[in-house]
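Next come two complexes built around subunit A: one with subunit B, the other with subunit C.
This part shows the complex of A and B:
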């Protein structure tokens, strides 16, 4: 049985991505007791799945490393992975929360040696790589996973393979008797930082995502460019494994569209501008990028970054939202549309099309088990009716990493104020 | 230049966008266009040589005040009402309806291109059917067949004679309509009064819009 130490002076943080980790740490470093709940078997969220950040083009592993060190050094934070909040009752300063914990089947004795993976043959889609490629059913989620422990997929539990994995473990770390459990805990304030998910590109039917293998999304492209990704950092076409050197980026795939997402997702313009760097970096002058856009929204200080990409002769900008994509006999995607500058028709053939899909709040369509106000796109709105449930990061708005961290710090401050009030009242 | 055209040109001076907003059906939507180009890219007739300006360009021309060029353009008349643009517009502009609204306004001002096929058909059909409240098929076909001259009309008529005979046999076409007989509404006067009232209401609504602005 997992024991959780929590009182009504504890702050519960839901979601362990960059915003949740930041909020948890900021609160914990002021001396508050924090419980951090994460659905995945690892922390870091979608930030960990990026290859590089804009605008400095550094690796997210660096930023995560700092946060993980802070986390390991802080006894005030208890992390629950494979955990989901199923119920919230009570009010500001006195919440009772139920959390469902799924079994990992691997305990804290794990050294991440990988012997269990050797003993297992079954493969499952690699969730960390957005399903591009497969992993063994006994796997380490990614090279920087925290906790640094293997996970056994439920698919092999109860089969001889699970027994083989247990037998292979030299440390007695595999515990096949773990069961799903539900724990109840108290909290004075709750920070809801469940982040975002990429908009389902298959809903934009004229782009034929899911049907044409060489039409992929921006988050998948991050994984292709990453040396730890499924292709070892080579930008290969899914259809034939050929190097993709002529790449189209389609902006506003889903965003700014009343039929899909009403809001501007803010990060995708910068995301695609950043990704043109990957193409330049891998192929030099042989790599060509084409950005199809309505207008480039490189907000505030990012204008410089945009100007530099503009100056790159290997990057072409076409002011037009692509109307549809077809596929030629060699499997090359062809973009059709009308260029707003001159109103001329085009049909351009590329090796690969990257859809810059927008952000959909993870809370949309999912009931937060409490009364919380949200806007027309499903993002959490700040409202007195929310009590002491505070949104943070991409659960509240379409934000980049930098702004998500700012939002998380603000939420932590609000939660700390609530807990301080209770502490004074009880003193 | 028609009198109405002169009046409108004088009233709105250099503000063509405002003129379209107040005078053309659905014109108030024009300013919502963000120039993404999905409408033009989705338009099946955009390959046609008569489709001079795609919808997004028409909207930009309206904003740029190109009154003469927009209103005399055959582009709006090329719309086939397939509604592809309407369905796909990210801003939910009723583009098909806006195209028809601008076309109708151009016609009202007397600026629409003469003998443009869509315009010719609409006009002939309308004038034909409001007379009795029912379409006089024989006269309608006649006027369409003979639009390009007498010999062309005879040729077209002979081409279609089997269809016509079939229709007569099936009692779908009454040849006496050529002489003004045939089907009509029971209360023809009532139809005319109704249309007159509709015109009056429309004029009132447009007048109110112009005054409110």
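This part shows the complex of A and C:
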């Protein structure tokens, strides 16, 4: 049975991506007790699945390493993975929260030695790589996974393979008797930092995502470019494994569109500008990128990054919302539309199309088991009715990493204000 | 010294027992490592293994433990003994996981493991457990400089958390730019109409808040001290200077609008009917919801908004950046006109309309009200008749001679940060022939007037903004416990400024709390170690005071360094800089690393087993090595890796000692430096590399090939390429041949 130490002066943080980790750490490093709940078996969220950040082209895992070191060094934070909040009752300063914990089937004795994976043959889609590759059903989610422990996928539980994995573990770390459990804990304030999900590209029917193998999304493209990804960092076409050198980026795929996401997702212009660097990095002058856009939103000090990409002769900008995509006999996607600068029609053939899909809040359509106000896009809206439940990061707005961290730091203070009030009242 | 007790614990789990001769490792720890207690456990991180160590700490009085098992990054929860000095011998990720399991490799793999045991024993003996910073300041009052939206927010939010605040505003009233606005861009559903600025509510809240002390018409005359014990002199106009005791500082000094007078081609100054966005707010306030009138009293029937006026300018003449808020602000102002009179023609000329997030709803709301948005680049605004003629390149029709007439033109000029003195320019050498500042140009005045050795204000990043360079850590200014917030940090709108100021207040509160406990701030948060200097050996060379990336070290009258521990981030750059090696941390010193270097067994030149020292940045290069191991990417058995806090902390003595004692080569692995630096101690890797460039002179003096020291830029993602680079380097060293210093 998992035991959680929490009181009404504890801050509960829901979501262990960069916003949740930041909120948890900022509060904990101010001396507050924090419980951090994450539904994946690992922390880091979607930033851990990025190859590089704009505009510095640095690696998100570098910051993740610092945040993990902060976490390991801080006794104030208790992390619950494979955990989801199922109920919230009470009010500001006095919440009772129930959390459902799914079994990992691997306990804290795990040393990450990997012997269990050797004993298992079944493969499952690799969630960390957005399903672009496969992993064993006994797997370490990624090289910087925290907790650094293997996971057994429910697919093999109850099969001889699970037994084989258990037998292979010399340390008694595999516990096939683990059951789903529900724990209840107290919290004075709650930070809701459940982040975002990529908009479902299949809903943008003219783009034929899911039907044409060489139409992929921006988050998938990150995994293709990453040396840790399924292709070892080679940009290969899903249809035939050929190198994709002529790549289209379609902006506002779902965003700024009342039929899909009414808001602008903010990060996708910079994201695609960044991804043209990947093409340049891999192929030099042989790599060609075309960006189809409505407005390039390289907001505030990112302008110089945009200017540099603009100056790259291997990158073409076309002001146009692509009307539809077709596929030629060689499996090449063809983009159709009108360049609004001068009203010129085009039908351009590419090796690969990357849809710059927008950001949909993960809370949209999800019942937070408490009264929390949200706007028409589904983002959490600050409101006195929310009590001491504070949104943070991309649960509150379409933000880039930098702004998500800012938002999370602010949310940490709002939660600290509540627990400090309780502490003063009880002193 | 007699109360020290050293123990080594060797793990035989995770294949260590099968791959290595554990008895031999024990013997090494005992005889060479001189450990008083040596124990092996088949599964050291298990409850029983940990209990065994704990029992020795409690009953045997073990004070120093060398844990020879996995990497220091692994099993941190298990091997957590807060009162005991711990060194980790990395036998798993450092040895067996990077070596092939073959008979042929067995001997060199064992040698590697034995060296890591020697190194862990040597390191732990040279360590002391940090006692914490005795020089703590317990003051927990927050100083907020600047009384605009950002500053007022920081003050109110800190007060709500129970902290006292001193709020200093240079003008005679609070409110800043926001107080001059008619309305603000909406922050709430349905994002369709401008909303109240909220300034009046904030003013009332501050008025009513006993935690907040406000100084108006006041500036900071002097800031001395350190986090938790700042002394701040506040100069109040027509009054005596007041000194306040302060724990941390939020600088929210905002922005100035870019001078539209520099845009005469856009008609500013030539016609009173060309205004900037602030000018339009003034007209809207005067109209107070009624029809907006020009300076000459005529009701405006047509208005053109020129976006990016003097912004996003590639020529270098005006602002190169985008100010982020101006598209939404022009939309808001166009709506002022449409809401007062729907028949007004309002046109926004833009190149990229930038309304992120729900700004998109606001944009649509303006379109629905009949505001015209047109993609075009304005070349000229000239008086025409009673009004103005706007000439532009229509990008949609590709018409270079497009033209619109308007009663009023609004220029969306950008934000210029009020960031004080650019301290980097203070130290930059004067370039001959460089023009002196033009007459009438205002020289920047310091905002904080810090008494720090490294200058009176916080360092600037780009274009005068005091932003952090770190994506993951937007609040990392380079002066501990001093945080910038609002548009001085980065161009931003009101909603963002409120969020930003709240976050900055959080960081400032955290910094005060940790200063009081003697704990380091980010990125080594919680670290209790701090640098001390044996001043009797100091030659007053000032390298430590100059090189400290965080301005932590001042100089006394005799030019000796004065360490301000609570300003220090514990990177060790001062330690690396010191030519006489008098600076050290309790648990990280010239000696803790030097002892490891010396502990390695150097085979003689006939054995053909080179020894190569790796000094690896603990944040990026060392994890990359670890992850290479996790993926079983093998590399040479001839290297010995030591993690360092930062390349900046590498003292050249380590390199010369290594080469003198017969190492054949040294690899330095640090983060990227330069414009897009990735060093989390800002300047550490750059300074480290600069110092290393001097090592080549030393090599020459020793008659050694320059290839014997390799400076390698490593990113945390290099887990596939790094092993190859190591092997290539080893091959190169073997080609050069053994060091002539072996056996001396």
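Methods note: the second predicted complex is superposed on the first by the 427 of 427 C-alpha atoms of A that agree within 3 Å, B and C clash if a C-alpha of one lies under 4 Å from a C-alpha of the other, contacts with A are read in each partner's own complex, and residues count from 1 in each chain.
FYI, a residue touches a chain if its C-beta (ideal position, glycine included) is under 8 Å from a C-beta of that chain, and two chains touch if they have at least 3 such contacts.
Quantities reported herein were computed from a predicted structural model and do not represent experimental measurements.
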{"item": "Touching partner for A:70 - first (subunit B), second (subunit C), both, neither", "value": "second"}
{"item": "First, second, both or neither for A:60, with subunit B first and subunit C second", "value": "second"}
{"item": "Partner chain in contact with A:256 - subunit B first, subunit C second, else both or neither", "value": "both"}
{"item": "Dominant toucher of subunit A (residue count), subunit B or subunit C", "value": "C"}
{"item": "Subunit B versus subunit C as contact partner of A:336, first or second or both or neither", "value": "first"}
{"item": "Partner chain in contact with A:345 - subunit B first, subunit C second, else both or neither", "value": "first"}
{"item": "Partner chain(s) touched by A:324 [first = subunit B, second = subunit C, both, neither]", "value": "first"}
{"item": "Contacts of A:229 with subunit B and subunit C, given as first, second, both or neither", "value": "neither"}
{"item": "Footprint overlap on subunit A, where subunit B in one structure and subunit C in the other make contact", "value": "256, 319, 340, 343"}
{"item": "Sites on subunit C touched by subunit A in the complex", "value": "13-15, 43, 45-46, 70, 73-77, 157, 160-162, 188-191, 312, 314, 320-324, 350, 352-361, 375, 395-398, 462-463, 465, 467, 469-475, 490-492, 496, 499-500, 502-507, 509-510, 513-514, 522-523, 525-526, 619-620, 623, 627, 630-631, 671-672, 676, 678, 680, 715-717, 719-721"}
{"item": "Subunit B to subunit A touching residues, read off their complex", "value": "34-38, 40-42, 46-47, 53-54, 56-57, 88-92"}
{"item": "Touching residues (chain side subunit A, partner subunit B) in the complex", "value": "206, 252, 256-260, 294, 319-324, 336-340, 343, 345"}
{"item": "Touch list for subunit A against partner subunit C, complex", "value": "18, 25-26, 29-31, 47, 51, 53, 56-67, 69-70, 72-74, 108-109, 111-113, 140, 143-144, 148, 170-171, 226-228, 232, 256, 262-266, 295-304, 307, 319, 340-343, 375-377, 379, 381, 397-399, 401-403, 405-410, 412-414, 416-417, 420-421, 424"}
